[in-house]
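Both complexes shown next keep chain A, but they swap its partner, so chain B is in the first and chain C is in the second.
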Partner chain A sequence: MSPTPEPHVVGRRTPRIDGEDKLTGRADYTVDHRLEGMLHGYPVPASIAHGTLESLTLDAARAMPGVVDILHHGHFPDLHRSPNSMRQGDAVSEVRLPFEDDRIHYHGQYIALVVAETLEQARAAAFRVEARYHREAGVVTGLATGDDEGEAVRHYTRGEPELAFGLAPVILDRTYTMAPESHVPLEPHATLAEWREPDRRLVVHESTQGVFYQRNALARIFDLPIERVEVISHYIGSGFGNKLFMWPHAVATAAAARLLGRPVRTVLPRQLDMMTTGHRPASRQRIRLGAERDGSLVSIQHDSLTATSMVDRYIDACGGATPSAYACDSVAVHQRLQRVHHGTPCPMRAPGEASGLFALESAIDELAVALDMDPLALRLKNYADQDPRSGLPWSSKHLDRCLEGAAERFGWATRDPGIGAMRDGDEIIGQGMAAATWFAGRQPCAARVTLRADGSVLAACGTQDIGTGTYTIVAQTVAELTGVPMARIEVRLGDTELPAGPLSGGSMTTASTLPAVAAATRDALAALKAEATRAGGDFAGLDPASLAVEAGALVADGRRADFAEILARLGRSDVTGEGSAAPGDERREYSFRSFGAHFVEVRWDPGISRLRVARVVSHIDIGRAINPVAARNQVEGAIVMGLGMALLEGLVHDPRDARLVNANLADYRIPVHADVPEIDVELLDYPDYRFNEFGARGVGEIGLTGVAPAIANAVYHATGRRLRDLPITVEKLLAPD
Partner chain B sequence: MRPFAFARADSVERALECRRGEPTGAFVAGGTTLLDLVKLDVMRPARVIDINALPLKDVERLHDDRLRIGALVTNTDLAYHPDVLADHPLLSQAILAGASSQVRNMATVGGNLMQRTRCPYFRDPTAACNKREPGSGCDALTGVNRMHAVLGGSDRCVAVHPSDMCVALAAIGATLSLQGPNGEREVDVADFHRLPGATPHLEHELGDELIVAVTLAPPLKPLGAAYVKLRDRASYEFALASAGAMLSLDEDLIGEQRLPLGGVATKPWRCHAAEALLAGKRADTAAFEEAADLALADAAPLAHNAFKIPLARQAIVRALRDAARAHREDDT
Partner chain C sequence: MLETHDHSPEATVPVRLTLNGAPVTVEVAPNAILLDVLRERLGLTGTKKGCDHGQCGACTVHVDGRAMNACLRLAVMCEGQAITTIEGLAEGDRLHPVQQAFLDHDAFQCGYCSPGQIMSAVALLEDPRVAGDVCTVREAMSGNLCRCGAYQNILAAIQDARLRLHGQEGDEA
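For the complex of A and B:
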C-alpha cells in the first residue's frame, strides 16, 4: 500500500494531531503525572504585603494527618540564586529564593510549604499554620502620578520631539492608565520534582513555556551540572507569558523532594496562581502628539510608568512599538519603573505593546477627532512605508490592506461619525478602530528527525507546545518535505533531553522551530539517500543527488522505493537527521513586524448603562499561516482577551495594605461566552520569505494588540466619553466627565 | 479543607439526627456554596450531611393554586418548570439570570436560600469579618467595597446577599417550611433573612432545622413581570444592581405591583413604599422614576459603590417599563 501523498500540507487547514489525546484525557499534563511514593506540596501564603515574619507556629499543622514536613525560613536548604540571565538561558521570574529570609514583600508570598501524603492533607495542614507578622508602614500599592516618579530605565529619541511638539499647530496631551491584569491560564502552575536514583538526577515535570530556561536555572540554584537536570512539559494548559520563567513554587518543590527523598508535586490553587505567578503590571502612560492641520504627525512622545515588585525588576516596555508605528520624524519614548508591594509582574501576551498601543491608538483616535478627520484616513496619512526606527525597508508590510480590507468588510463607510448618532431601539451603536502590531522574532533551534523502518517518522524538538498547535505544525513541516502522511508522523516536544528549542513566547515559536525541523528532515532524507545508494541498497550505485522524494518514497530512473522498503532491505531500523536554524543577518537589511487592524462595534444602552461588544472584524498580516485554523484561533482568542482588557479585567489591591482582594475566577472577571461577540478574522496571506523559508512570522500576540483601543474608541463614538483608564467599568461610564 | 465527618441521610428525620449536637454541622445539597467555602477554610464544618437522597424534589400545585417546591428541586428544573414559567415568570427570569447553567444544574432551592455573600473579606480567613468571626471587625467598610450594599447595611457589615432567586421570592411572596427535631414550622420568606445590624453572623431564621419546601403565594394574574440584572459581564456574574418588577394594569393604571431589588442590599430587598406609591398611578416613566427615587431614598454609599445608586435607579425604571410592556403584550 503506498501512502497518500501530502502536497502542500504547510498552509493547509489541519486538525490538531494532539486533539484526540486532549479530548480523551490521554494528553499528559503535569498534574496527570503520579509517581510511586509521591508527596503533595501546598504553599502557605503571607497574609500581609509589607513587613517581616516574626514567627510561625507549626505544632497544630505538624500534628495533622499525613503531614510529612513543613519547609520555611529556617528549615530550608541553602541554595544559590539563579544568575537570572536571558543570555545564559537561566532567567527566572522571581530571583529571590523561597524562604530566603523573613522579609515579606507582597501578599501571597510563600512563608511555608506543607508537604503531606495527599493534596487534601497538605491543604488542611496549611490552614493550621499560624504566622505572626510585624507589619511595616509605607506600603506602596498604586502608581505615582508625577512625571519623574520611579526609576528611568529605557529611552529612545529621534529628531526633536519637544521642539516639534511646541511648534505643532495641533497638539494632544493625554494620560492613559491600566489596571494590572492576570494571565488566568486554564491550567494552574504545577511542578512535579523527583531526584531519580541511582545518580540523583533532578527530573521535573512543569507546566512551563520554557523547559530549557527552567533546567538551566534549576542547575544553578541547586548547583548541579545541567546534564543532571531534566525538565519535561509535554502539554501545558496555556500560560500567556506567566509560564515563561520559573517561579518560587518550583524551587520549593524541588528542594522538598531532595530533602525528603521522595517525589513531590505542587499544584497551585487558583488564588495562589493569581497572587504569586505574575501579572501584566499596572501602567500609566502619557502620550503627546503634535500634528499639522492635514493630519501629518510631527511629534510623538510616549512616557510610560509601569509597576514592578520589591524583589524583582520586570520592565513592561509600553513604548516598544511606538517608534515604528507611524511616519514621524520626531519621536521620544521614555520608560520608568516603580516598585510596589505586589507580586512580581511578568510578560503577558503582547507584553508592553498591548498596553502601549492602548495609549497610542486611543490618542490617534483623539487626534482624529480634534482634526475632524476619519481615524482610518489619519492612519493612512501617516503610513510608514519603511521602518522609521531603523530606516530599513519592511520585509513585508500590508497594514494598508488590513485597514482597507477590514474597513470594507465591517462597513466603516456607512458609519455616521456623530456621537451617539447610530441607534437601534434602546441601544446606541458605537464603532471604533485601531491598528495592531507585534515584532517578528526568531530564536535558535535544533531538531532531530528519524525515518523509521515501519514507514513512520519521528520528529523531536525540545521546545514545547503551549496549546497553540506546535505539535501539528512540526508534523506538517515533516509531511511537506517527506510526503509521509500526517497520521504516520510522531512528534515529541517539551523535554530538555531533546534537541534544544526556544522559549514558547513572543510569537517566535513557528519561525524559530520550523526551519530547524526542515533542516533535520532534509538531513534525514540525505542520510536515507546515502543509504539507498550504497551497495545493497535500492538505488545502489546512483548519485544520491539524483534521487527525488515523493510521497514517502525515493524515486529515480522511473523506479520508486518507500522509505520503509529501503531501510528494510538494508536491515536498518531507522536513519536520523539533525538540523538547526538561527536568525541570520536578515535584520541588517529589513525590519520585521506583523500588522493588522481591528474594527469594533459596541452597543451602549444608556437607560441601564450597559455596554457590550457586538462584533469585531479583524484583518491580520502574519506572513504565511502554517495552519490557518490554529492561527485564526490564536487571533480569535486574543480578541476575547482584548475584550477582557478593555471592559472587565483588573487585579484589585486593597489600598490600605496592598492585599489582593479578587484572586479568584468569580471576582477577577475574564470574558465568558456570553460576552464574546461575532468575531470575523481574515488572515492575509503574504508569505514573508525574507524572514524564513516558510514565510511565517508567527501569531499569538498580534491579535491582542489594538483590541482595547478599538473598543475604547467605539465607546467614545457611542457615548461621547473618552475613557482613558482600563477596564472601562460601569462606574466610569456613570461618573460625570 | 479540614477533615470532617460525612454522612448520607435518606430521610429528613435521619438528616436532623445526624446533625444533632453538632453546631458546625452542615447539610450539603448541590454544594455550590459550601464546598467552595470549605476549601477556602471559611466554613469549617465538623460534620457534613449529604441530603441529596431526601424526597424533596417535587413541585406540586396545592388546592389553593399555590406551588409547593421541594427544597432539593434544582434551580434549572425550577426555572423551566411549566407552572413557574406560566404563573411566576419573574422567578424563572431571576433564576436564569444567576450563575451559569452548570451551577444552576447543581444548585437547589434550599441551597439558594442559604447561599453566602461574595464579600472578598468574608471569603478570606485572614481578613477581618464580623460575619465570619463575630467581633473581628469589618474590612469592607474601609477597604474595597465596590460590590457592597447601599441598603440595609450596618457599621458591622455591608455584605450583599447574592441571590437572584430570592429577589423574585421576595416579590412573589413565599412561605418556607422548616423541619426541626420538634416538628415543622413555617416562616415567611420576608422574615427569613435578617439584616446584619449588630449580629451579621446571624444571617437567617433557621435554627436546628432543615428547609424542606418553599411554597409560593398564589399567582397574581394578569401580570407583567421583568427582571433586570445589571452586571460587569454578561453571564456568570453577580449583580451590581438588579430589580424585579411585577405589575398588573387596569387600562393604563397600575393595580398590583411588586418591586424587589438585588445586588444592592444586605438581604433580598422589597421596596414597599415605592410599591405603594405606584398603586393607582399611570404606568409611565415619570411614575417609574418617582418610585425608583423613593426606593433608593435611604441608600447609603460607601467609598467605591456610590454608582450602585444611579445604576439601581436605572434597573428599577427599566424593570417597571418592561413589566408594563409585558403586561400590555399579554393583554393583547
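For the complex of A and C:
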C-alpha cells in the first residue's frame, strides 16, 4: 500500500508532532529526569550584593537528615574557567566558576550547594547554612545618570550626525530608560549530572538552548575531551535567551556528582533562578533626531548605556537596528557599558534591539507630534529602500506592506490625532503604532536522515526545540522531500551525540536547520537510489538519476517501489544520509532583515486609573512561514511579552544595597490571561529565497520588537503623558509631570 | 544557639490517596509537598513545578474535583482525597476533549505550563459557577501563567472544548 502523499507540507498549517507528548505530561523535560541513586542539590544564595564571605557555619546543616555533602569555597575541586569563546563554541553565561573565591559580586551568588538524599532534605538543610559577610562600601545599585558614564564599547557613524543635528530646523533630544527584565521561562534552570561508568563519561541533562555550547564548555572546565561529555535536552520549558549559555549551577552540580560518585540533580528554585541566571539589563538611551520640516530625517544619534555585572561583560547592543532603520545620511550609534552589583545579564528575546526600538520608535512618534505629522506618514517618508548601513539591497523587504496593511486592518485612518480626543464611555482611547525589525542570520548545521525498512524515516539534528516547533518543521522538511507522511517521520533533537546543530536563538534556528535537514534527506534519497539500481535492486541497471521520488516511493519507467520494499528486497534495515549547511556569501550581495508593524489601542479609564491594552494588529514580514500555526503563535506570544515589557515588568534592586527585591512571580509581574487583548496577526508570505531554499527568515524575536513603543505611543495619545521609562505603571501615570 | 532536633530516624507518615482513580498509599515526610510527592515519589512528572509558591499554576491538579496548586499542599493534608493529574485525563490513547482542543488550536509552545492550563480548564468547564464568556474565562484562567504567551490560542481551545463537552457556545463578552 502506498502511503498518502504529502505535497507541499512546508508552508502548510501543521499540528505539532510533539503536541500529544506535551499535553499528556509525557514529554521529558530536564526536571523530569531522575536516575537510580540520584542526589538532590540545593544552592544557598548570598544575602548581600557586594563584599566577602567571611565564614560559613555548616554544623547544623550537616547534621540534618539525609545531607551527604555541602560544597563551598574551600571545599570544591579545582576546575578551569571556560575560554568563553563564541568561535570555539564554549561560551558560558558567567565565566566565574562557582565558589572560586570568597568574593561576593551580586545578591544571590551561590555560597554553597547542599547535596542530600531527597529534595526535602536538601532544601531544609540549605536554610540551616549560616553565613557571615563583610559588606564593602561602594556598592553600585543601578545605572548612573550621566551621559558619559561607563566604558565605551561600540561605535558606529556615517555622515555628519552632529553637524546635521545642529543645522536641522526641527530637532528632538530625549532620554528613555528601561528596568531590567526577567526571562521567566516556566521551566526553571535545571541540571542532572552523571559521571557514567565504566569510563566516567559526563552525561548531563540540562534545560538549555544550546547543548553543544554546554558540552564544549563542560569539557574545558573539567578538562575532558569533548567525546567524554554528552549534553541532552529533549524538551525545554522555554528559554527566550535565558538558557543559551551555561550558568554556574550546572558546573556546581557536575562537580558534586563527580565528588560524590552519584548522579546529582539541581532544579533552581524560582527565586534563585531569577537572581542568578540572567536578565535583560537595564538601559538608558538618549535619542537625538534632526529633521526637515517635511519630516525628512537628517540626523539620528542613538547613545545607549547598559548594565553588566562585576564578573562578566555582557553588551546589550541597543543601537543594533538603528543604522538600518531609516533612510538618513547621518547616523551615529554609541554604546557604553556600566558594571553594577547585579547578577550577569544575558540576551533576552530580541536582545538590544527590543530596548533600542523602544527608544527609537518612541522618539519617531515624538518627532511626528513635533512636526504635526501622522507617525505612519513620517515612517513612510523616511522609508529605507536599501539598507542604509551597508548600501546593499534588501533581500526581501515589505515593511511598507506591513505598515499600510496593518493600518488598514486597524482602522488607523479614522484615528483622531488629538490627545484624549477619542472616547468610549468612561474610557479614553489611545492609538499608537511602531515598526518592528530584527536581523536574519544563519549558523552552520549538520543533520542525519535515515530511511528505514519499515517505511518510517528518522531525522536527527543536535539543535533544540525550545517550544518554537523545531521538531515539527524538521519533519515537514523531510515529508516535503520524501513524500512520507508526517506520522511516519520521527525527529530526534537536543543531544550532543547527534550531528552538530545550532543554538536555538537569534531567530536563526529555522534558516540554519532546514537546509541541513534537506541536504541530509537528499543524501539519503541518493543512497537509496544507488541501492535500488544495483544488482538485485528494484531498479537494477537503471541510471539512479532517472529515478523520481514520489510519496515515499521511487518511480521510473512507469514502475514504483516504496522505500520499504526497496530496502526489504536488498535485505537492508536502512540507508542513511548526512548533510550540512552554512551561511554562504549571500551577505556580500544582500542585506537580510525581517520587518513588521504593530498598531495598538489602549484604554485609559481616569476615574479608576485603569490602563489596558485593548487590541493589537500586527503585520509581520518573516519570509516564508514553514508552519504558519506555530509561527503565528510565536508572534502572538512575543506581543504578549511586549505588553509585559511596556506595562508590567521590571526587576527592582534596592537602591541602598543592590539586593533584588522582587525575585518571584507575584512581585515580578508577567502578563496573565486577563491582561491579554485581542491580537490580530497577519504573516505576510513573501519567501526570501536569497536567504535559503525555503525562503524562511525566522520568527522568534521580530514580534517583540516595536510592541513596547507602540503601546507607549498609544498611552501618550490617550493621556498626553509621554512616559519614557518602562514599565509604564499606573503610579507613573498618576505622578505629576 | 541552634534549636535541637530529633534527627534519627526521620519520621514518615503514610498517606492514602485515590490517584487517577487507583488507590495508592505512600510514606511521606511531614514536610513533603504534594507536588514533590507526585513528581519524585509517584513518578507522575506531568505535573510541573514553575515557582513552588502558588504563583504560576503549572502544578495545578484536581483535589476531590477542585483545581488546586499542588505546590501549596502538604502531602499529609491529602489523606483520603482523590487526586487527578494530567496523566489521568486521557482515556487510553483517546485525549480528553480539552487536550484535543489544545492540540487542535496550538494552545501551547514549550508545553511546560500546559498540564496546569489543561487541569484548570477542565475544572472551570465543569464548574457551574464560572460563566462561559471570554472575560470570565480569562479571569478564571489567570492563575496559570504562560510565558510563551499562547493565551489567545488557549482561550480558543477552552471555548472550543466547551462546545465539545457541553454543546454550548461561550457567550460573547
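Everything that follows uses one rule, which is that the second predicted complex is superposed on the first by the 737 of 737 C-alpha atoms of A that agree within 3 Å, B and C clash if a C-alpha of one lies under 4 Å from a C-alpha of the other, contacts with A are read in each partner's own complex, and residues count from 1 in each chain.
One rule holds for everything that comes next: a contact is a pair of C-beta atoms (placed from the backbone, for glycine too) under 8 Å apart; a residue touches a chain by one contact, two chains touch by 3 or more.
Note that the structure is predicted; figures quoted are calculated from it, not measured.
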Q: Superpose on chain A as described above, then tell me if chain B and chain C fit or clash.
A: fit
(Q) Contact-wise, after the overlay, does A:H8 reach chain B, chain C, both or neither (first, second, both, neither)? (A) neither
Q. Touching A:P65, do we find chain B (first), chain C (second), both, or neither?
A. both
Q: Mind telling me which of the two, chain B or chain C, contacts the most residues of chain A?
A: C
Q.
For A:I236, using the defined touch cut-off, is the partner it touches chain B, chain C, both, or neither? Pick first, second, both or neither.
A. second
Q) Touching A:G637, do we find chain B (first), chain C (second), both, or neither? A) second
Q. Is A:I608 in contact with chain B, with chain C, with both, or with neither (first, second, both, neither)?
A. first
(Q) I'd like to know which partner A:R87 touches here: chain B for first, chain C for second, both or neither. (A) neither
(Q) For A:R26, using the defined touch cut-off, is the partner it touches chain B, chain C, both, or neither? Pick first, second, both or neither. (A) second
Q: Kindly classify A:V672 by the partners it touches after superposition: chain B alone (first), chain C alone (second), both, or neither?
A: both
Q.
Applying the document's definition of touch, where does A:N662 land relative to chain B and chain C: first, second, both, or neither?
A. first
Q. Once the two complexes are overlaid, how big is the angle at chain A between chain B and chain C (Cα centres, nearest 10°)?
A. 40
**Q.** Overlay on shared chain A, then closest C-alpha pair between chain B and chain C (Å)
**A.** 5
Q: Pick out the shared contact residues on chain A: the ones touching chain B in one complex and chain C in the other.
A: 65, 120, 124, 128, 664, 666, 671-674
Q. Mind pulling up the chain A residues that touch chain C in the complex?
A. 15-16, 18-29, 31-32, 34, 59-60, 63-66, 118-121, 124, 128, 183-188, 235-238, 240, 267, 269-270, 466-469, 629-630, 633-634, 636-641, 664-666, 670-674, 676, 678-679
Q. For chain A, which residues are in contact with chain B within the complex?
A. 47, 65, 120, 123-124, 127-128, 271, 607-610, 612, 647-648, 652, 654-656, 659, 661-662, 664, 666-667, 669, 671-675, 729-731, 734-735
Q. Any idea which chain C residues touch chain A in the complex?
A. 2, 5, 7-10, 29, 31-33, 36, 39-40, 44-53, 55-56, 58, 85-87, 89-90, 95, 99, 102-104, 106, 108-115, 118, 137-139, 141-155
Q | Sites on chain B touched by chain A in the complex | A | 1-3, 39-41, 100, 118, 120-121, 123-127, 139, 142-144, 146-147, 228, 230, 232-238, 240, 304, 306-307, 310-311, 314-315, 317-318
